[in-house]
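Shared chain: chain A. Partners: chain B in the first complex, chain C in the second.
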Partner chain A sequence: MTQPATSSDGTSISRTWTLASIGRGLLRRSWIGALVAAISLWLLAGMVTGTLSISFLLANATIAGFLALAGTAQMSVIASGPGNFDLSLPYVVTFGAYVMSAGLLGQGNISGSVALTLLVGVAAGAVNAALIVRLRIPAIVATLSTGYILYSFIVAIQSGGFDRVGGLFEVALRVRFFGLSGVLAAAALTLAAAGFLLSRTVFGVQLHALGQNAEAARLAGVRRGWLLLGTFVLSGVLAAWLGILLAVYQGGVSADLGRSYLLGSVAAVVIGGTRTIGGVTSVIGTAIGALVLTLAQSDLILLQFSIGAQYIIQGSIVLATVCLTAIWSPDRR
Partner chain B sequence: MQQNDRSAEHPHGGAVFISARNLSKSFDTHEVLRDVSLDIRAGEILVLLGPNGAGKSTMLNILGGTLRPSSGGMAVDGEPVEFDQYISKGSRARSIQRVFQELSTFPNLTVAENLDLTAERSGARSRREIVRRAAERMQVFPGNRIDVCAEVARLSVAERQMVEIARAMTEPNTRLVILDEPTSALSAHEADQLAELVARKAAEGVAIIYVTHKLEEALRLAHRVVVLRDGKLHFDGDGRNLTHDALLSLLGATVEAPSAILPLSIADASSDLLSVQWLSTGCLRDVSIRVGAGELVGIAGLEGAGQRELLQAIFAARERDTGAVRSVSDIAYISGDRKREGLLPLWNVEDNVAISAVPRFARAGVVDFSGLKARAHEWLSELGLSQRADSPIVSLSGGNQQRALLGRALASEAPLLLLDDPTRGVDVKAKASIYAILDKLKEKGRGGILYSTEVAEFHKCDRVYVMARGRVAAEFDRMDVTEERIVQASFLRPTDETPPSGEIAPPAGGGAREASLARLLSWRSLPAAVLMVSMFALAFWQQPNAFSSFGLELLLQASLPLAFAVLAQMLFLLGGDIDLGLGFAIGLANVLAATYLVDAPVLGILALAGLVAGYVLLAFVVELLGVSSVVATLGASFIWLGIGLTIRETPGGKSPEWLSAAVQVKLWPLPLPCVALAAVALLGFWICRGWGYSIRLRALGNNRRTYVSLGFSALAGRVTLYALAGVFAVLSGLVLVAATGAGNVHVASSFTLATIAAVVVGGASFAGGLVSPVGAVMAVVAISLVTTNLTFLGISSEYSTAIGGLILVLALSFRSLARSIEP
Partner chain C sequence: MLRNMVKRRSFLAATLLLATALAGGPALAKEKFVIGVATPFQGNGWQKGFLAAAQWAAAELSAKGKNVELIVVDAAGDPQTQIQQLNNLTLQGVDFIILEPLSDTALNGAIDNAVSAGIPVLTTALGSVTNPKAISLQLDYNELGEKYIGYIAQRTGGKGNALNIRGLAGNAAEQAIQDAYIRSLAKYPDIKIVSEVYGDWNQSVAQQRVASILPTLPNVDIVLSQGVAAFGAAQAFLAAGREVPLQVYGFDGADVNLLLELNAKSGYESVAINSDPGVGSLAVNVAVAKLSGIDVPMKMVAPIPQITLFQLKTDHKGMADSDTLWVKYDYDWTLKNLIGAK
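The block that comes next holds the complex of A and B.
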């Protein structure tokens, strides 16, 4: 099995390492377009401000890191089968942030809070999977209902008092080495771990098989129920972890915290060049897609576009990439 | 080629309708049809015979206009055919009707709707007329008990086949009917009726092509017999003087030399890989079989006698002790239906083979890719596929794909292999190599069960069980296996057979009440109705004075915008899609109306029309590019939001007076919202049920591929659905302006998810093509009453979303429960 997770056009990359084939291999990567877009956007920002700034890039990367976490969570669910989406994701993010800030296990107990929040993510994923597998509810409806129920938990917990989560954890996330923030490093490490899980483990390989053809995967010995449980738990944990990072890094929580991550997560996956047909993932692509979205927004602010224009351009980017990816893929209907 | 064609005397054949000359067709390098010439005459019953993979389907696809030949030509009524034109014409325009082996009726439509779908349309027809005509057309099977108002999903396979045949046979202006294995599910009585029908149609001058594996049918019906073998025309001649044996030899059944006989592997029961005892599930009755180590066991019988179900039951029972099935825990399943049950289409050959070995090559869940790769190369060279290891699996020929899938079974190292028609559609050479691989597996002590539709395949087996109607009808040792014996046993009718459960007459007493209860339980909108009634009851109990015209108006006012929005979402679900941008689209409509309709009405109307045009554009993107509707509408939602914010960053504007006045209209005795909600529900009902086009739209939502193959435009359907959805989004935005008196792009952001919830609670199925507008509107009313009731009870209305989520889960649980109770 040759790393199905990173060869997102589905075919294995040639392994004869001539220079030409490396070039071709790179060109065949689904995220190459996104990479070019990201670099162009960075150069554009440089032109507008007059200096090509690494710290501008890193500042954007920090924001993009958050989005990439949400995107990777969404991508795992999308990979598990055509038509699968996790609509509960923004609610898990927000609820996770609240649980983290609420200090239910004592204000100073940060590791306890982190563990509890991650457990919330596990539970949300498990409920989603149970609804899908046991009650045979389509993923999009199951995650919608879980999201609704979580929203009420948010309302319930909202009225409690909140303190800033401080201590070493906050310091660690806010520390900067040459512009590289601790929170970006944390996000990057998480993405690397998710990438490893998706490409190098039995779970990851079987998830890709399931997403391509569920019946064929079943007959090849893949257990759908357990895999879906794993997928949605992974998505839930990533979303909860994102909630933790946001709560600590931003130093405050609001009920709207996760809202933008529903659209944003799908947009990051799509702009990263990953097709939403199931059985395809690319953590690198999603990370670059998130960077493109963030850089585009920064550039538009630099160019003094209104908030409305920013949304219009972001939407057009999403629609354009998804159309182009569809046109270039061989097996469209 | 043998030929005793006497073209001078065709007592049955009239004028030549279609004449095909030198047709050839290859897929990749695999030539499936070679140089076939054939005349099809009016009034002649042409029986087309040939072993599986002989090229029959390809031939029919070319004649029927769904496939272009690689070379060769065709003439219809003497006029040469331009294939591009011929294919784009649609089957009705070609006057050709085809009954497919895989059923092509739409399960979500009723029998009458299915029949009407393809009927020549002469103006709008009322529902009563559609039902009357359907009942009339079903009379080709006299005395059948098919309810033409029942959804096809509720019919048995035989009944569906009858519907399909009746459709093809009663279509006016038909000149050629192609019947592909039409009797595979029919009873003897129904098959007799069909034979009469075919003869009658031929006498009327319709040309018939009849494909069958049942030789007695061929002998009984054929005016002319055509045999295809290996893609070539092997025989074309008079069918009335042929005998059973002559047909068999034409099919080459006895030509194949028996292979060398290996000594029978002697295995006692203790070393059995599998033993099945008295297994009865679904269509299986008291099945008992066993497989020893190193044994290949055949499961023969007519198609659909329970063979596949048996294999699936054995596979499902692995690692679980179900009592009836005892087996080794590791079983590999190889299906001949490669596309649906075998291929992982995005991967290359190597990965497709290695997938089953991944768990064995892992430590603590981490895969040892280098070890796996090295081993995979051994398997591939064993299969002779090492050259193609890196090729995408879909680029291989059918035979090589099947070998790769066999390789997957090798890789799993499972001691027991279930072979589900593994040689379907592969050529002779690939077949031989597949059997060579099986021989090797047997030598290694692995066992297998082989199910095949071709009797000739069983000569490799150590033992053959013949199944008939879900039972094992006979068992032969390899010494006793002959094709004749297998065929004869396939037709055995078990003596103690009880009629299948579907045909049991309903009990006389108490049946009516049970039936109406069952109908109530199967009513898809039941959860929504129960919910709405109980919410009303709760509201009136809390606030008795709400039970007044004014009170009702207050209660229902809030649900009106959502009701229009729900219709928009429902239209998306009708087509099997979802609109995740609906909330912002309504917000945009709201902003446009509040900003322009007062000061510049023309601009306002144009802008609202532009929004609808945006939806049409989305239909093009989804339909032509195959982009997921979720992603497309999500992208669009950014744009709706952006335009809305550009026009009006903060809430403002005002409602046109006429609009505000319209929603203030008092319709005594019922308040306006009551009437309006009922009207919305009825309008939705009309769009989904009453409108002539709605049958097509529902068909499209259920199965796009079949819909297109019937010659309808999926693009037109999708554009209609999206445009209508856009119109309802605009209406919802207008009602919101009237209610709030201002424009705000965020006003409806909660509608996106709320509408999905309401449509689903109301009774929609995500499979597409199944929605209930009345249920959806009831769900909207119920959901908005939840909020009101919470206020009455003094609970924060924020909790209404949680209750909405719970309602959703409960409604869906109830439905999956009701589904499992239904017979």
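The block that comes next holds the complex of A and C.
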């Protein structure tokens, strides 16, 4: 196990992490294929450049950390039921970054800005949930419209003055300790917390139950409305937090900040071995999936493939993983 | 078709009348020029600058007695949406359409509709279309390449390892800029491109792609990019604890402020060269010239400005990160240097 980005939340996923079952358990993990792929891609990069570089792995893990946050947000929504996706995610990310950089509560009041940004994430999630639960609009339509509304907010406010976040917060996230960046540590901690929430709390267990069989969950006393509210709020908060991290990492904001995270988040979930039919989550799988996508991108650049070939190969990776997951785990739901 | 001909004839007659009225005295007609502006997406600073330049030119012309109104639509990056918007503008009966085409072929039919309804269409900024009925006002990428690579070569003595950050894959303007760079680079065989990444014309993506491969690139002397990526690339180098290599900066406030900051800290020097969002003012001026009955060539080329560190320090200090520089081209300048240029 040499996954610095994700090892911290490994314990929260495994339920039978004893010496006797460790080998058997590891082979049964849905993300084992992704892990093998990640290591192979790292070795491949080593072969191409002639040195097996830890700093290369850490640099990619930092980028993957962002994608893993987006993936985890998307995954919790996917888990809540078949066909549920959060299409507002990239816009919440971007809008969060703007709110963070606007310094609405006064320049230098960073904890206030963080709180306000996370609150925006909560609000976006709550609106999504209200549309889905109260008005019975399908998730994909409700989140799409929320996303468009957020996009128009972004277009309206983007000419205002936005500054770097600055302060101790920026210093802490930008600090580098043997190549390990503060922002990677922040992402890993968040993933660990999300993993705990999804696998060790009543909320998490009920969410899985709802996604696996909504009718059975209802009969067992799961309250769908509140649970969906929690799910979309979780997704919104994770997306807003990603916006905060990106604003600091990038040292500025732009209206296309979150654009690449819509398809990327779904791809990371899928490559992590989570099937998109609902009721299944794996934070560690999604994190490894994000690492695979990022490493694959870097390897293809290092191998100097044409951009067309890069897209074909990336698409094939996603497709192959979906097929393999479907073939290998016919009984999993 | 016949009705269109009649409409165009009467339109011509009207402009002729107007021209004689103009010649007769300052009894300026209250004729209103309604210009549709079909923008591709308003996500980035360049597009904001383009729109600001167009609005500046419209206000400037209105102040001079020509009543110019802009109707701005945004296709959110989707060519299908842009086709609909072109058709809608045609139905609304605007007098002129300025189009930043999201595709060089997909919009041809919609352009045909507009032109046969007597509405001239000018393509600009994002590239051209294959439809020969569209007037084309393009940025001079050859000049961009020569200035850009020329500056880099002059600073490095024509040699060094370059990291090349490209834009949005498959975009015609992206390819044209890249081709211009490569043509200019042919003169300097000792500048070697050691790695190439696509930044999707997106600061965030550019930074992440550069950051992820940076550990494998120990020696980078030069970064080549297309405008918005320069800031992201610099952030990637700074985050890895490395010096920012020589690179040319764009016109975004973030780019300009970063260059000024690096200069204040370590004496780092560079310039800003970019395809100029001020082409928006040229486009509006051309539209008004055409509508005023002036003979406008079907193909025109906009200039590429180079802004020195000195100019940035004196004229553009304290820009907001979200602002974009653009050059103001007024109506008379446009008539003399763009429309009149042969």
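To be clear about the criterion, the second predicted complex is superposed on the first by the 309 of 333 C-alpha atoms of A that agree within 3 Å, B and C clash if a C-alpha of one lies under 4 Å from a C-alpha of the other, contacts with A are read in each partner's own complex, and residues count from 1 in each chain.
Everything that follows uses one rule, which is that a contact is a pair of C-beta atoms (placed from the backbone, for glycine too) under 8 Å apart; a residue touches a chain by one contact, two chains touch by 3 or more.
Just so we're clear, the structure is a prediction, and the values are computed from it rather than from any experiment.
First (chain B), second (chain C), both or neither: which does A:213 touch?
A:213: touches chain B, not chain C.
Looking at A:289, would you say it contacts chain B, chain C, both, or neither? Reply first, second, both or neither.
neither
Given the superposition on chain A, which partner contacts more residues in chain A: chain B or chain C?
Of chain B and chain C, more residues of chain A lie in contact with B.
Once chain A of both complexes is superposed, is A:298 in touch with chain B (first), chain C (second), both, or neither?
second
Looking at the overlay, what does A:125 touch: chain B (first), chain C (second), both, or neither?
In the superposed model, A:125 contacts neither chain B nor chain C.
Report for A:181: first if it touches chain B alone, second if chain C alone, otherwise both or neither.
second
Between chain B (first) and chain C (second), which, if any, makes contact with A:45: first, second, both or neither?
Touch partner of A:45: chain C, not chain B.
Going by the contact rule set out at the top, does A:279 touch chain B (first), chain C (second), both, or neither?
Only chain B is touched by A:279; chain C is not.
Who does A:59 touch here: chain B (first), chain C (second), both, or neither?
Touch status of A:59: second partner only.
In the superposed arrangement, does A:257 touch chain B (first), chain C (second), both or neither?
Only chain C is touched by A:257; chain B is not.
Which chain A residues lie in the overlap of the chain B contact set and the chain C contact set?
151, 155, 307-308, 311
Inside the complex, what are the residues of chain A that reach chain B?
Listed in rising order, the residues of chain A that touch chain B are 1-4, 10-12, 14, 82-83, 85, 87, 131, 135-138, 140-141, 144-149, 151-153, 155-156, 200-203, 205-206, 208-209, 212-213, 215-217, 219-222, 263, 266-267, 270, 276-277, 279-280, 306-316, 318-319, 322-323, 326-327, 331-333.
Could you pull out which chain A residues touch chain C in their complex?
Touch list, chain A to chain C: 45, 49, 53, 55-56, 59-60, 62-63, 66, 151, 155, 158-164, 174, 176, 181, 246, 249-257, 259-260, 294, 297-298, 301-302, 304, 307-308, 311.
For the complex, which residues does chain B have touching chain A?
By the definition above, chain B touches chain A via 315, 332-335, 340-348, 350-351, 354-356, 358-359, 362, 365-367, 369, 372-373, 390, 392, 394, 408, 412, 578, 621, 625-628, 630-632, 634-647, 649, 704, 753, 756-757, 760, 766, 796, 798-799, 801-806, 808-809, 812-813, 816.
Show me the residue ranges of chain C that touch chain A in the complex, using the header's touch definition.
These residues of chain C touch chain A: 42-45, 48, 74, 76, 166, 169-170, 195-198, 200, 202-205, 207-209, 211-216, 228, 231-232, 235, 239-241, 254, 320-323.
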